[in-house]
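After this come two complexes, each holding chain A, first together with chain B and then together with chain C.
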Partner chain A sequence: MLAYTIRRVLISVPVLLGSTILVFIMVKLSGDPLESIKLRNPPPPPQTIKLEEHRLGLDQSWPLQYWNWLKGLVLHGNFGAAVQPSDNIGSEIGSHLWVTMRLVFFSVLIALILAIITGVLSAVKQYSALDYTTTFFGFLFLSMPVFWFAVLLKSWGIWYNQNVSANTFYTIGDKSVVLENDTTWGHITDVAGHMVLPTIVLGLAGYAGWTRFTRASMLEVLNSDHVRLARAKGLRSRKVLVRHALRNALIPLTTVTALDIAALLGGAILTETVFQWQGMGALFVQSLRDKDAHLMMGWLLVSATIVILFNLIADLLYGVLDPRIRHA
Partner chain B sequence: MTEPTTKAAAPSAGKPVATDPATGRVEREFTVKDRSQFQQTMRRFLRHKLAVGSLIVFLLLVLFAFVGPHLWKYQYTTITPDNSVPPSMKHPFGTDNLGHDMFAQVLRGLQQSIKVALSIALIATVGGTLWGTISGYYKGFVDNALMRFADLILTIPSLALAAALANNFSGSWWIIAIILGGLAAPYVGRVVRGMVLSIREREYVEAARALGASDIRIMLRHLVPNAFAVVVVNATLLVASGILAETSLSFLGFGVRPPDTSLGVLITLGQGAVNTRPWLFYFPGLFIILVALTVNFLGDGLRDALDPQQTRQRR
Partner chain C sequence: MRTTKGLFGLVAVGVASLLAVSACGGGSGSSTGGGDTSSSFADCATKPLTCNSGTTKQGGTVTYTIEKTISGWNLNSAESNTFDFQEVLDGVLPQGPFINTPDLQPTLNSDLMVSAEQTSTSPQTIVYKINPNASWNDGTPINADDFTYMWKTNNGVDCKTCDPASTAGYDQIQTVTGSDNGKTVTVVFKTPYTDWKGLFGPMYPAHIANQHGDLGASWKWLNDNQPTYSGGPYVITGYQKDASVTETPNPKWFGKTKPSLEKLVFRIITDQNQEVPALQNNEVQTIYPQANADIINQVKQINGVQYMLGKGLQWEHLDLNLKNPLMADTKLRQAIFTTIDRKQLISKTVGQFDPGITPLNNHNFMPNMDGYKDVISSTGQGTGDVAKAKSLLTGAGYTGVGTALKSPSGAPVQFRCSFTQGNVLRQQSCELFQTELQALGIKVTPTPITSLGDTLSSGDYDMIIFAWVQTPFIFSGAYQTWLSTSSSNYGHWTNSQSDALLKDAAQNTDHAKAVQDLNDADQIMANDAYVLPLFQKPTFLAAYSNIVNIRDDATSTGPPYNVQEWGMRAS
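And now, the complex of A and B:
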């Protein structure tokens, strides 16, 4: 299993490199990052522009720029110079990533728990009222733009706050700027309070597809021979459901969950933008506005690594769920 | 599906089973009525009430989007003297702060969004089918190269990649469609490749090859038609995800750009007014949901109808 993991990690290195090259070219094509400085009125002296170009490495050819970036990253762990002079890309990504990952983690957790429970129940009680309700809501959330739902929920939160004249739901930011109760516990509750609405939004976006998927794969397993045999043996129905049916139904769900992580990160960008979080979403939009190739490549490297990591975890989980698939 | 495909023939009144002298066919007590795969699929699809209803609603929406603007009294660019009025008989969906009639705006937005979504599905399906078929059929080096490239695109959140790409262009609807369609192609490609890998080992493909059929012929006549069911279902679902992808891109400011409009642009412009002038935000949103919902139901019905392994009788 260790050898398998190492092999998988090694295979993903060229994929990561390839994607950074792709994005590097794309950002380079999108225009001059110093445009805003050059258009300043009065125009800055030519030395200033020269210095900036040198600082960002723009005075070199593209391949050399990329090579220097790669060298800096591998040898010094340095993500390169940012267009905004005050920013250090490495620490920026670090703090923003933490904000985004806790959102994604809790959303996935809630979405999976809900999806498995409702998916299993609606497969067991096929064509019941519960099944129709779950199916309807699954389809509804599948058909709803993530940010439309986010804006909707935010406005409901604001409306509720106004009606009860209390700040029950936090609708802006990932934490309070000034905290009255400045203790560790105060910080945790503050952050948790800010997470409620965004987590619901992103969680339901993931839930929609997964509950449909759980239902479909549960139905397939429930109709299979080994479940019929387990029932014929006289096992208790709970045991048949959990040990024989659910365990098998979870295998395809693992794949789908891992594959959806990339889409969920996209959803996180939107959710964070609506709730004005300082997460990876804000960083991404900034890199596009600034035409900042280094920031963009750093962003991409981190999010692609997360996607690859989740896929790896999914593959390792196969072995746990299905003893036939053991990675030698 | 346990369909009655046999029909009782005219009672043969105690006559012994005989051979029809004219055709040489055996006259049997029960004759089997032939049904092509298409006919079977149609029968199964038409029995799926929700899917048929969705198809009708979707077609009505398309008609509404493409014919409506010609019949409605305001153009989407017309600036009326009424600013920010709530829905009324004159302006069924109200107006925005500049005096644009929201009904005309929603019609135009719906039209642009449907155009984008259908183009995305078309581009992704054609591109992905080609990608997957070539990759699965040739295997080896070609397969490796194509699939590693697909991996590359699949590891990056496609919304991010689309935004970075669209940042280079002006926001016309067809550029957005090409970008989003191109980014969805690897998903289709992967699915098709999986199908092709199993189909290419079948006996009939081997037979075709033995008879000297060219690679192109095998791909077009044997591989693609047999993967068709999965491709069609995928294409339908791509329309739904396409319309959502367009709205997301427009929300970030990298999609269709004003003065042209789409449903995504409309809800983005309306989000600030959600508590004060809710009609600006809710009406475009409802139309997105309506389109995506009908298309999703349609795809679900098609999947049930096209899946030959489907044995459960739907109620």
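And now, the complex of A and C:
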């Protein structure tokens, strides 16, 4: 298992390097990060432009710029200078990742619980009214654009607030700037009020796909020989369902969930934009807007590492869920 | 079955708990009712300095929206010299001897200054008398040291590692001398500088800067560190990175009007589409986004919110690139500009949400600025007069007029019309030009570009549409934008007579003469059909009607120019 893990980690290093090179070239080709300064009226003095170019390393050739970035990262853990001068890319990624993690954690929790419950029930009660209902809602959430759903949910939240004459739901940020009820309970309710709408948006988007996976997987397992055997042996249906069927059915869901969580941590871009959460999605947008190659490479490195890590976790979890699977 | 019910129950209890917990949140109250839109802003066009005035009551919080995350705190630095950061610091830093007020004029900052007058024209000498009570919030007087620090860090000479947004004016100063315990400052210029009222603002505390190294080091320190100092009505007491800046009244504020608000919050919303829902949900109380039809229509639906459309300092224009051999012909350029119908362009774009927009007829002064003179109408440009344009081309020896235009040398006349990708307004404009110029037999291809800066500096365009942002201090700006040798003169139009007039306008001690010189230079450029001004872009301010003394200021200072006067309406 350890050798397998080490091998997987080592294989990922050239993948990460290759992707940073690709992203570096793409960002460089997208334009000049100093464009907004150069286009000012009146224009800044040439010395100012030169100082900025030097600070960002733009006065060097592309290969040298990339090499210096890589050297700084490996030797000093430095992600390079950001276009926005007060930003430290390392701490920026850290703080943005934390914001996204909070959002993703609760969304995934809700989505997984709902997906497993409805998926199992749909499979057990195949072609029943319950199955058709969950299928309908599954496809509904699957087909709804996240951006549109988020805007719609915001409107509902505002409508609700206006009807109860209280700010129950918030539409921007992860907490209020000014809190009237400045107590621990006040802080908890404030954070919860900010989390409800984006969590529902992100959670339902994940739920829709996962419930279909669970249903399909459960149906396959429920029709397998070992489940029939378990029933024939006279085991209680709850025990058959949970211990023999669900455990096996969770294996494909584990893969999908692990990859989806990794993708979400890389940036739930649309949800974060609509609700103005300063997470990884916002950081990605900022790096694009600023044409900031260092920031984009840092973002990519962290996001790609998370994807690889969760991929690895999924592989390792197979062994836990099904002892027959062994990693040689 | 029992299990199922249990699980459903658990989920239901969980969701209900989450809703219940959030419902107990200490919000700032519901939206106010009323539905009176724009009533208080109605007279802003005629009374820009006093509209929406009112008596305030003590207390309350106003949250104002900005659209950029804070990248630095030194507003004089090129990196941090942006409109949004300026707004945040309007109430924290002394804005300078003169304030850019909503009438687009530099007005003496009577809180900071007793007087600021030109006492000699040769050499040009300005004497600033600082309010004896003016001090930073640590009690240190605001004095000549602060002026000297600003001069030395912005003149491009004394500080080699400083990156000022502009050295204009500071590089023409000979000496800055303090007297009267530093409360009188005498500035002597090497060469006259017409826009002297635009200098020395916003101001930073020299005594604090000096504690953090030499000029270069302190300059960087001022940019990297959130101000705890203040020389204005408010002091920053909270900063949540990428989210908000919170300000509370500065107890040492020396100005005439003391702030009545308990807190002033600048909320960062980077996607302007999210500003209206936040306003509707009363999470912010005032927004200042770029005007568009969607936003205006949404704001109109919100009860208790008033709004105004103002005349901004940003103006759209169509530029021709004279590096293209065909464009080098003045007659062709004149024909192109004459064919374009600006009224039609406006009615099909911005006129749909702001019927007050009219064609702009000057390249420097806006219609709501002193000095504005129409230099375009007499040329016939922008009128859509196809017959006149055709006769210009026929007279100049062009063939295929109205079908497939060819130059006198036989070259087919076809151009790209470049616009920034994703900018619908500019795309529509280029498509309209395409249709209009077809009447002359000119083939125009609308061409999206990804980088406006790269396209302009490389000169890889034939026609291009973009915007400039003016300031009330236009003389130095015009000199740097239109001079034959300027790097901002992207289309490479050259004219020695215009250059002389531009220089004279920028280096003059007689303001009236400077205005005349600049308009004369502008007339020469207009006659040569180099850049066609299209229209002045509107500004849009929306605020709850219980907030008084807030009004539009289209200059780089923004609506918070008078932030100490903002407050909750006294009933």
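A few points about this structure:
In this text, the second predicted complex is superposed on the first by the 309 of 328 C-alpha atoms of A that agree within 3 Å, B and C clash if a C-alpha of one lies under 4 Å from a C-alpha of the other, contacts with A are read in each partner's own complex, and residues count from 1 in each chain.
Just so we're on the same page, a contact is a pair of C-beta atoms (placed from the backbone, for glycine too) under 8 Å apart; a residue touches a chain by one contact, two chains touch by 3 or more.
None of these values were measured; they are calculated from a predicted model.
Applying the stated contact rule after C-alpha superposition, one finds that A:78 touches neither chain B nor chain C.
A simple residue count on chain A separates chain B from chain C, and the partner touching more is C. After overlaying the two complexes on the shared chain, residue contacts for A:185 are found with chain C alone; chain B is out of touch.
Contacts of A:35 after superposition: chain C is touched, whereas chain B is not reached. Contact with both chain B and chain C is seen for A:273 once the two complexes are overlaid on the shared chain.
Applying the stated contact rule after C-alpha superposition, one finds that A:155 touches each of chain B and chain C. Contact with neither chain B nor chain C is seen for A:60 once the two complexes are overlaid on the shared chain. When the shared chain is aligned, chain B comes close enough to touch A:27, but chain C does not. Of the two partner chains, chain C is the only one touched by A:282; chain B is not.
The residues of chain A shared by its contacts with chain B and with chain C are 30-31, 151, 155, 158, 273-274, 285.
Touching chain A in their complex are the following residues of chain B: 148, 151-152, 154-161, 163-165, 167-168, 240, 244, 247-248, 251-252, 254, 264, 267, 271, 274-275, 281, 285, 288-289, 292-293, 296-297, 300, 312, 315. By the touch criterion stated above, chain C contacts chain A in their complex at residues 3-4, 7-8, 11, 18-19, 21-31, 61, 63, 69-73, 78-81, 156, 160-161, 163-168, 223-224, 238, 240-244, 246, 263, 265, 267, 269-271, 274, 277-278, 280-284, 450-454, 456-457, 468-470, 476-477, 480-481, 486-488.
Across the complex, chain B is touched by residues 14-16, 18-19, 22-23, 26-27, 29-31, 127, 139-140, 142-148, 151-152, 155, 158-159, 219, 223, 259, 262-263, 265-267, 269-270, 273-274, 284-285, 288, 291, 296, 299-300, 303-304, 307-308 of chain A. Interface of chain A with chain C (complex): residues 30-32, 34-49, 51-52, 84-87, 95, 113-114, 117, 121, 151, 154-155, 157-158, 161-162, 164-173, 176-182, 185-186, 188-190, 192-193, 195-196, 238, 273-276, 278, 282, 285-286.
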